[in-house]
Every structure is written in C-alpha cells, then in structure tokens.
C-alpha cells in the first residue's frame, strides 16, 4: 500500500482550531493524516515542539494561527511568525526538507481554507516520503 | 618471548587480529587520532604520539545499556541486558594509558564491589601496549614521568609493541599475550640484538624528559587535604574554569557515571553514561540543594579526588600524566602546575 | 499511576456512522492507566452525564476523557459534570472525534484509526494534568473617565446615572471639549452650546461625578477591577474651594493672553475662564501671561478677591484614585496646516481653518458672530477647501469623515451671514448618515458652487484686474476638465482630524496599542469596538478614529455600559489556566517580561528572577515559549502536557 | 474621440506592464492637473492622461509630449501615484507604436546614430575644451562629465569652460570623460525609448567601470539624476554646485571681486531640486559672492516652476506664450534682479531662448552659477 | 595596527589605574598560562595583580562569559570586537548594566586559536576587529574585514538537503556532551540549561545521536539573533564540531529577515522577543 504520512497539527484555540471545527460542521472532506494539538495561541509553540514532533516520527508539521492583526492576544502571532520563520530556516539548513513544515494563518471562518491547506500539505508530505532524519531510531 | 614483523606488513598483523574478533586501534581522521573499533585492516595507524581521547572507552564506553523495559497495562516488565562480550584486542595503547587500567581496576574491582560490566570486558580483552620510540619526543603538556611511568614500560600490557628501524617488535608479557603471539605464526622470531634493543629502550624510557616534579603520593595527599580549606587558593586556580566536562571525559582514569531511563512511547532502556564532577548539577540533590554550587569547589573536588582521596583509598594517584586534560582544556587550566603549586605551597 | 476513565460518544450516528466506536472503546480499555472505557449514544445527554458521574465514583477515577464533539461545544458541560462528581474540572479532557474526525471523512478505517490516535494522545496528556482552582478578586466599583469632551461627559453621566462613582478628568480649565467651540451642528443646525451646556451643568450637579478639571493622568498601575490612577492637579493659583466665581479678578486682570478657546482670534486675561459657560465657572491663572509671574509685581487679583482665593504659591499636587474600570475619551487634534505651503495658511491672513471659522460664526466669539476677516472686511466670496491633509498619502491617508458635512454647514452659515458666493472644492462628497444627504441637496439649492477637484494652490499672483486684491484658488474642475482660477476674499481649510499629540504617551500609560497614526486600537474593529487589549480599559469618541457627534455620543454610551459590566460585579473570576514561574529554573533573561502584551511578568531585580501577576495573565503561553529554561509553566498547557499529547498522537 | 467610450483594457494592461501601473491608485482629485504648469496654458491635462490610461483610451497622444517630468504633481499627489513613470510608459507604448512626434524623432535619431542629441560628431565631443584639460585616468579623484548639451550647444559650452576652469583653479585632481562616452539617456528614457536608453547606459556604464571612476561630477542635473538612480554604479555622483559650495566652505575657492549690490535671482532646475533634493548648494554659492543680493522669486524650491526643457521638451518646438521659460523670466524680472542664474544646461538653453525671443537681453542677463562664480572669483 | 605588546602595556596601566582609584572591583582580562601559547582568563583584583596581565594573539577568550556572572559588581572587562558585541547583547537582555561596566576595548586582528592554529577571521569566527562599544580603546582602530563573514557558508549551502543532513549527523555523532560549547558561550548564561532539566526532558539524558541533535538544534535556536560570532563554542569543543557554521547561518537569516545583527546597538531588542507588523509572511516561506 502507498505511504500514509503522519502529520501533526498545532492549532491556536481561537482561529485555526475553530476553523477546523467549521470544516467539520460544513462536512468538508480532507485527508485524515493530520492530528491536531490545541494550544491557546500560536505564540505558545516552542520551536522545540516542532523538532520534537519530527523526532516522534511526524512526517510533517502544520502550524495554524490567527491572521496577523487578528490575534486573540493582540500580537502573539507576530512573535510566533518570527520564531517559526527561524525554525523553518533551521530545518532547511540542517537538511530536513523545509516542505515538511508549514505555517498557515487560518481564521475561525475559513473552514474551507483549513480543509484546502491540509489537503495540499498532506499531498506535499506524501511526495516527500517518510521522514527518517530526525525520527528517533528505536533498536 | 619476542616476535617481530616489518612495519610494511603491519596490515597483515591487523588482518590476523581482525580475524580473531573485535579490535580497537588508533585511527587517524581529519581531526586527529582516536581509538576506534576497526572495520578494515587499512584503518589503523601507528604514526601518532597519542590519541586525543583515552582508550578507556573499550572497557567503559560513554554510554552502556543496562535494562530494557516496556510500560504495559498493569505493571511494567523489564529485562536486564548483558550482551555477550567477545574476546577483544586493544592495540596501540601508550604505557601511561595502559597504567590507567590498573588504576581503574582498583575502583571497579577493588572497592569491595565488583562492576560486572567492567570485569567482563577486562577478562576478555587483550592489551597490546605501544612504547614510545627513542626518536619520538613527549608532548609539552605531558608529565607521566612525574607519575614515575616510563615511556616504554611494558607492565600492564599482554603484548608490548615497539618500533625498531623498519621493524615492529612484539614482546609477549602475559600468558595471554604469549598465547596470542604464538598463534600469529607469520611473525618472525626476535633476535638477540632485538632483545638488547628492547631492554635498552625500556630502561631509556625512564630517562625521557617530560614536565617533572618530585611527587611523593602520600605527602601530596596530606598536603592537598591541608590546602583543601584555602578557598582563595582554589578560587584563583579555578579562575576561568567554565566547568565543562572536557577534562574528565578525555581522562583515562575518570570513571564517574550517571544512570537514566530513556522512554519513547512506552518502551525504554536504562542506561549508564559518563558524568563529570565538573558539571553544575553533578551533586544537585532532589531537594534542590547543591553541596558544590561553586566552580572552584568542583575543580578542587576533581584535583583532590585524583591526588588525595584516591591515594588514601587505594594508595595510588588517579592520574597518569597523559596531559590530555591540559591539551584540551578550553581555557588552558593545567593540572600539573596546579598540583605542583598546591604541593609546594 | 492515575486512574483514567474514557467515554466515547456515538453522537447518534454523527460519530458512529464513520467511527467504529466499540473498537475504539476496546482500544482505549487496553491503554495503561485507563481503568474503564465506556460508550454511549449521547454522552452529553442527562443519562450520559450520569454515566460519567457514576463511573467517577464507582471506579474512583482521577481523570476523565470524553471523546465526542469539539471542546468548543461541550467542554463546559463535562467540566460541570466532573465538578459535581467531586473531580476538578481541569482533569477533564475532551477528544474531538466529531468535527475533526467523523465529519471530515467517509472512510471508516481512517476515521477509526484517527479516533484511536486522538484518544491515545489524550491519555498521554491526562496523566500529567493538574487540578486548577480559579481565583476571585474584589472589584473596585468606581470608574475613571479621561477627557471632558462630549464623549467623556456622556460616559460620565451614563455611569453616574446608575449610581456609580465617576471621576471625570479634564486637562483644560473647563469641560466641553471641541464641541463647545462649535456654533451650530450639522445636519440639524441646532446650536451646539444649547445642547451641550445642559450636559456640562448636569455633570457639575451630579453627586456621583467628581469633576477633576485642569488635571492630567500621571500614572496608571494595576489591572482590571483594581486600577490605581495617579492624577496630577495642575496649579491653578486659585483655591477653588474658596472661590465664589464672582470673576471680579478677571475683570481687573491687566495680563493678556491668546484665547485658546477662540483659536487665538481673541485675547483673554491672564486669570481667566475659557468661555462664559465654562464648567467650572472658576478661573485659573496662566503663569506665562500673568504680570506677577513675569514681572514679580501686580497681585491685582489677590487684592480684589474677597474670598482670599488667590494663591500664587500653589504647586502641582497629586490625587490617587482607585477604580475598577477606565474609559479613555481623549478626543482629537486638528492638523497643523502651516506646513502645507500651497494653501497659504499663515502666509495669507484671509486663509482660515475650520475651528477658527466656527468661532467667527459664534455670537459669543471674537467677532460676536459676524463673519469679518482679520482685516475687518466682510468676505464677499469664500472658497471652502476639503481634504486638507486627509485622504493624502503625504499626510493622513484616512478620511476625516466630518469635513464634508461641516463644510456644507459652513457654506450655509456663510450664505446666511455674508450673502457672498461660496465655493466647495471637494474630491468626493461623503454624506452617509441620517439626514446628511438631505442636507447636501438642501445646500445645492442654496446656490453653493460645487467644484469637483482638490484645490491645488492658493496664491496672490493675479492675472487680471478682476483678480486684484483677491486670493486665487487654482483647481482643475475635473468635471469640465478645465483649469479654474477662483478669485475669493476668504479661504477656509478643512484640515484632517488627527490623534492627540500625546496620544502615544496616554496609550503607554493605559497599555493600549495604537494604529499607525496614533489612534487607539479597539480590541476588535467590529465585535469589540469599545474594548481594548487591556481588560477594564475602554475607548470612546475621536481618540479611536475621526467621528461626528452622533457616533461619538453613541460610543460614549456604549463605553459606559462596558465599564458598568465590570464595576457592577463585586468580585470577578480570574483565568485559572494562567502562567507561573518556577523561580528555581528562571535564568533571569527577561524574555517573558519583554514579550507579554499584558505586562503580567515582571522582574524581581534582587532575586534576579521574573514573577507573574496572575491577575494580568490571560494564559496565552507567549512567555512560556519564549522561556529558554522552561521556568514558565503555562497551567493546563505545560511543556510536558503538550509534548506528551504529541507523543500519544504520533505513537500509532 | 467619439462620444461613446468602451474601456480598452488590453491597452491599460500594456501601459501597466510598461511600468505605469501606479495609475491604479488615482482617484481623479485633480491635484496633479491643478498643479501642472501646462494646464493653464495648454489643452494638456495630466489628470486626463491618467484617467484615459486607467480605461486604456486614446485621445491625448498628441498632447502628452508636453509633460516635462518636472515632478511637481508627483510630490503633491495625495495618492502617491508615480505619474512620471506613467507618462514615460504611455510614451513608451505609443512610441513603440511609431507615434513619436517629428521633432523628437530627430532627437532619438541623433542619439542612436551619434550618441548625443545635438547631431554633433562623436569625436568632436571634447572640442570645447580646446585640449586644455586632461582626460580622466585611473587614480584621479574626479571624473567630470559635461552634459552633451555642454559639449555641443554654443551657449552651454561656455558653462563647461567655466566649470573646467573652476575645477582647475581649485587644484583638484580631475579629468574629462573621453569622447567615446555618450548621452546619459535621461531624456530619451522619459520620451519612452527604453531600448535606446539601455544602449546608452550600457556604453557609459562600461566606460565608467573600465576607468574605475570613484567620483563623477555632472554639470547637468539630468545626468546627475540618471547616474545616481538609473546606473547604480559603485561611484559617487556629485553635482557641480554641491562640489563648488563645498570648495568655497573649505576656502579652496574664494570669490573676492565685489559685485557692488548686483541683484541676482536663482531658478531651481526641477532635476536639481525636486528630483535631486539640492536647494541649498547653489544658493550658498551665490551668497558667497561679495556684494551680490539674492532676490528670490515667488515660486521657488519645492514649488519652483519648470522651464519646460525636461522630458524631451527641449527638442519640442513651441509657440511664444506656450513656453514655460517665458513666464519664468517675467517672474524673474518682477523681483528686480538683473541676472537670472541657474544650474542646468536645459534651463540655460530654454531661458536663453526666451530672453532672446522677448528681446529682454538688456533687462536681464542669464548666467550659470559656475559662470557668475568665476566672474567674481578674483579682483 | 597596535602591537600586542603595547596593548598589553596599556592594559596593565589602565587596570592598575582603575583598581588603584577603586573605580572597579576587578578587571577581567588575560593572565599567563602554563606557557606563552596558552594564556588563561585572569581576574585582577589588586594593582599588584594587574602586573600579571598579558595580551597576545592567543588571548582569544570572550570574557563577557565571566562578566555576565557578576551583574551587580562594578567591573572592567577587556573586550575585542566580538566580545564587545557580546557585552552589548547582554546589556540588551538586561543581564549587565552599562553603568557597571568599564569596557577596555581592544581592536585586534590576527588572533590565533592555539589548538587548531587557525587565525580568527571571516573564514572562521571573531572577524569583528573593533569593539562596538567601549570606554577606553587600547589600540588604534583597524579596518573591518572586507569579506562577508557568511561567505564560508557557501560550501554547506551548496550541498543538497541530504548532504547537509549527512554533514551535521556526522558532526553531532562526535559530540561527547561535555557541554564545553554552552559553558564557553557568553550567551548561554542559563542556569539551569534546558538540557539539565528533567521536566520536561527536551532530549535524551544519555549521549544518543538523537539527543545530541536535539540539544544542538535547540541551543542553536536559543542563540538565534543573539550569537555574536565570537567562536568560543567551536574553539572549546574537544572534538572540533564546527558549531559556528550553524550560528553564522542563523545570524545571516536574522539579518536578512529582521535586518538586525546581534550586539550592535545598545538600544536594540533581541530579534526573537521583538516583532514588526511589516515582518510579512514571506519570511515563513
């Protein structure tokens, strides 16, 4: 059978997680490789979470937050944007396909956007194949 | 029992040893020479002064698995890991490094408790010592002569290796060593002349110049105890010390380890791995209290452990003067001059 | 070892249709630390809730996991159930297997697999959850309103009306603000003073309002429900407690200053009240123009004052106020048009700005209501120039919203008072508002000349005898596409409304954010237009953006209601899932202090570690992620909890 | 133009692609046309040009060549529309369509065949110098680039000589650009012929880097603008007035001769002022002349009125009364000044022409700042 | 360029002067080690101590690392270019107070790492010749290096992702967990370090390759926008892991994305505890 990636989603409570719910209430269909962790704000995300996720065997990590300017806490996602930008560059320089990590601003009203992004991202990660570099070697 | 082989045929010797089982020998890479588990006969080299890191890793690896377990529903099941250790050869150890094994034995075997992991490896490992040839100069940081170790001492080795012109002389020291040489039939007999050369070299080894002061172990032990409380002395000496673990990790006689469980999902292993008395959290207690919070206290501990406490406990200095800690210290702290200052205070 | 109970909901067929519930339950039952796993058709129903409550007791569970719909739906419901059954509500974990699982796929295997993974994650996390208790704090019942313009006045009156104490802080000697300067108000043309002054008096009369004029906010500390506001009372050199407002001093005073209220078109005394209906009616001395303060002698006012109210030694003093909420109604400034040389303001005396002309219209103004220019002539032709500095990338990009309408008002009044020709030079006529469009068409009938084009230049360079002695307004009449030179006697500019010069300082004190111009930022442009990022601080009127009187008044009323929702409660609940600092792990890097938008963390300098004021903390976790040593623990979203959940999610 | 219009969006697209997309921001307030010096005296309306471009309509192609890219409208535009980019791109589109007016064809022709707009022979470029001045060689500090106009136009040649003289007297290490250089290309770019501009730029840029030039002195604000903003070489670009003002400050040039109350006015060239932001330097030079009184005109500095020579205007024939320079000299004479100074070859050419056609030689003299400086340099 | 000998003299002079006048409690500088090539960090507390100060091309240590441990004392610190940037960064982070510091600026080029024999320049680290902030300058200002300190990244950046991963995996595999890198780093002042923590355990306690990788990546991140390219981590490493390459790359990224270099201006805020609305989402691509 063909490769089904494990994708970890980290979504902020106010926008992206609610947007994901909306995708559900409107019965949109999208690939179920993603498993979402809910945090209060994208600014809660410590870049080490991202590294950890890959060590735990995630093939891709998708972070979702409010659109800049709409952060429930005012400026949280502005800080998140800088941190995650650095994280992306780090992955790239360490040699991990940057395509495995993606940040998207998805508002509570953008259920379709959520489904769309997840679909697109899942496809992309599939294309990259299993993530073996950071994954912890057990044996 | 003395055998010899042309240096050009060193590869054959390695072949033969490889055929008999695991072999550790010095290998040169872009960053210098270190002991490694050999895969190809072409890897090892004898053209080096000394390895960056000590060979202790052959008996006391940086990390060693003890128990494997699974957190299952109900109680947790675990099983001890005691992987069979194959008869192993460590080739190319300098006399002072060979000496370190005896010092470590005192702790791992002599302390009233035997460490099975160490014991097992010691039992099954053949040591091929490698004397410093007369034309090779000791490194400026070294001071093994202060510890009364000769540059060509063979004691502690099973087989003793020495360069002579184009040849390598191999002397069987212990029964195990002699046995090994006996099986390496392609070796040539050593001549009388070789015999004489070897004797001379060993004697000459005692006169080789390294940094030196007249060290009386017991006197030093007492002296350091006396200086122990002199904080100003230790603070000055510890100036610049960043309390990293470099000196202890490269030291052939440092033996402290930590034990931790590593769990992923619900499977885990219990490991022991090198620890360093220089680390801030080395003595950190669960309560949060730390009896050695200051850098100088940790440096003092290291020095006194080697040059005082160990002598008290086992009668010998826990240092062989290999100079590695001095060479690799990021801030150039030098144990030799430190001890010298303390003793002559 | 914790004792976890897992409850999987069918939600009728909503979940059960795609998720094989029994299989999931069996999976859950076999996970370590799971004591009991159950399924039910509607866990949120009463019997469903009873099932949970029962199991908590029966199996003495210390954690429960409900796999059902989104936590945004029923988390509160199940938390109540837990509390009722004696289990702390924060030990409940909701697993979203509906919105984010059964509803978004049709594949049973996929849905079932995902449901298992999600529950596994919850089990990993549940082990590490800790009970949390929300704390309550007392709320100070009083409110501070900053700014005594129409916005501040309205807010104060509304709050006072329900019997709450209000402090109204105004920095000038009187309340009334810009509205008091206006003559008439569009579109109804009723007299500004007539509708404003009653409200000003009402403020004075209201026992619940403490009026603090000639005062400035000096410092704001604390947080919602418990603000400590420090107010600087500027020295008036008149003891208002003694003064009986006879104003004899004003009469006698030899000092002369420019009347701020009359935009410098008239003089006022050194000891003065800004205008006849000022509230309070008691004067202040202006050091800059007072003969005594300048020359060291005079003291005429002192001699004349029977109440012995004059006190030259008076110094600034400070008032400390405690309040539960603050409303900022600090208003706007008019843009300084001098730098726009092409319009000749300051260079040609016949060029006026909007507030000046307001004063010219006013019967109590410098010209007693006659429209005469600085040179004493009555203008026979007037051009009103719109969008001076507004809708202009070189100055202020936004539309000031009120200029079109007051320009129409000016046109009407000028027609009425001068019978001269009036030109409106506009880009777009913006008459959105009740009765505004009607007002516009009325003015069209009043024979005002509308020229669609932004005035380019105002110059004295004449081309022919008719233009002699006039100002020429050069403009492209974009409708005819012809270049027009309009000779006029008077030019009136409609400058942009801009934030107060010191809006940024006020924002800093109240911990508000400002937009790129300096207007205060509302919490949400549509759904929370009066709230700000700082709980308990609200905004009303032109300090938020240019607006007219009707909008300002309705905002003010709303802000009053917002403030009351806070101070009407005796106690308020604080977020329980806040952050705390593990001092032992803090390295004093200050990251948390620097990033927190609520200033919850602060540095304990002598301990060298940071501390978090949990009353200010909103639990966003921004600081925790900025903390290099994980010294900051965001309750309910700790590093271990989040990473444990990740581990569970990634296991299968 | 017929009375019924249908937007022709391909055209507006083409203009946008040629670099004029800024027109999208315009809300037709008329500030530009109200500010434009042409509006009062001609049918040309820059606002209409923007409007027509928005809809991609024709109807102004014959008028649009008026724009002398003086930047007055751009500075005033409340929407930040880069109107000059629009004008050049519209011209580019039309010129591409072969609609270049006759007069400008000669300009373009001469530029493409001889590398200068005055149909002068390439090798005669430095004849004005009469071999008195060195050619630039590596190691020299300054490279002096006299505008083509300063090389071939008789009136301006004397300006170039004055400049060269000043540089020499100040004892600077400088040299002339060789005859192989060509026009900076500013005008032809503004006329819309990007291709030819790139050619001219390519040649000059090559020569400059070959010479390892570090500091380039330009006599013309137009060259100044182009080298600074369009060439982007690794050299410093200095306008002569900046340099002279500096030399006077340092005392390396000291005007001594007393002008005994001579009234002088100064005309801000658009490319030196609005485009280059240089207002102070020329005035400092004039202020340094003993006994000279500077009588400013009404419209100066940011508000200065164009002479009409920019954007190709220098090569467009215009009726009397349709020349901006005509109005400019009137304004100058109103100040009571007997000398009008400026610092741009185009302005010199235009104003000189206006003075002669108005037979005003006896009422007002025209001098470049360099010329008047040299007049009063020594006893 | 001022000779090292002269700098040494001025250093002694100034230190003596400061200690005599009691303007500082101590002077962080360099003293003699067990030989010429191996000087040591040295703290002069008396004017007699000042006599023992030395300065030569081997005095590479970044003394900011010691200064940060004395936030309250009034101290003097000898600082070369990169060292001064470290001080500035630490002041930005509130760990040091400018008014408590007397910065003895040392313009220095051609410093040598005794262990590797390499010169400190753009190709390695610490290319920054002149102190950015100082109270006294102990030598004449030097021309700053003309080549970008980031050119050395070219080779690594040229590799494929897999190539880079191979490279770093090999390097991390050598790591002994002696923690000399973080202990030598002036910016790694955290105590405890995230690696010393057990809740949460960010990486294996035992020296596994995965744990090493996690340790180094996280540490790189913690230093993003803060690393001043002094190179201490790399010089301290007993197994010569070229940590500076990763640090340089992140410094480069920060300059490109947030146009700010670490430790250049006292009034700057560290980039990762700061933001601009204009940052834009492009940086996430």
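Per-chain numbering from 1; labels A, B, C, D and E assigned in written order.
Everything that follows uses one rule, which is that a residue touches a chain if its C-beta (ideal position, glycine included) is under 8 Å from a C-beta of that chain, and two chains touch if they have at least 3 such contacts.
Quantities reported herein were computed from a predicted structural model and do not represent experimental measurements.
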item	value
Shortest contact path, chain A to chain C, counted in steps	1
More contacts between chains, B-E or A-B	B-E
Distance-maximising chain from chain C - centres being C-alpha averages	B
Chain whose mean Cα position lies farthest from chain D	B
Inter-centroid spacing, chain C versus chain B (mean Cα positions, whole Å)	71
Chain C and chain E, separation of their C-alpha mean positions in angstrom	45
Chain A-chain D separation of Cα centroids, rounded to whole Å	56
Rounded Å distance, chain B centre to chain D centre (Cα mean)	82
Of all residues in chain B, the ones touching two or more other chains	264
Sites on chain E at which at least two other chains make contact	191-192, 194, 202, 272-274
Of all residues in chain C, the ones touching two or more other chains	595, 626, 639, 643, 647
Touching chain combinations (by label order)	A-B, A-C, A-E, B-C, B-E, C-D, C-E
Chain C partner contacts - residues on chain B that touch it in the complex	71-74, 264-266, 288
Residues of chain A that touch chain C when the two form their complex	6, 8, 17-18, 20-21, 23-25, 27-30, 32, 35-41, 43-47, 49, 52-53, 56-58, 72-76, 79-80, 83, 115
Chain C partner contacts - residues on chain D that touch it in the complex	27-35, 39-40, 45, 47-48, 75-80, 298, 302-303
Chain E partner contacts - residues on chain A that touch it in the complex	47-48, 51-52, 55, 68-69, 75, 78-79, 81-90, 92-97, 103, 105, 133-134, 136-137
For the chain C and chain B complex, residues of the former touching the latter	30-32, 34, 584, 647, 651
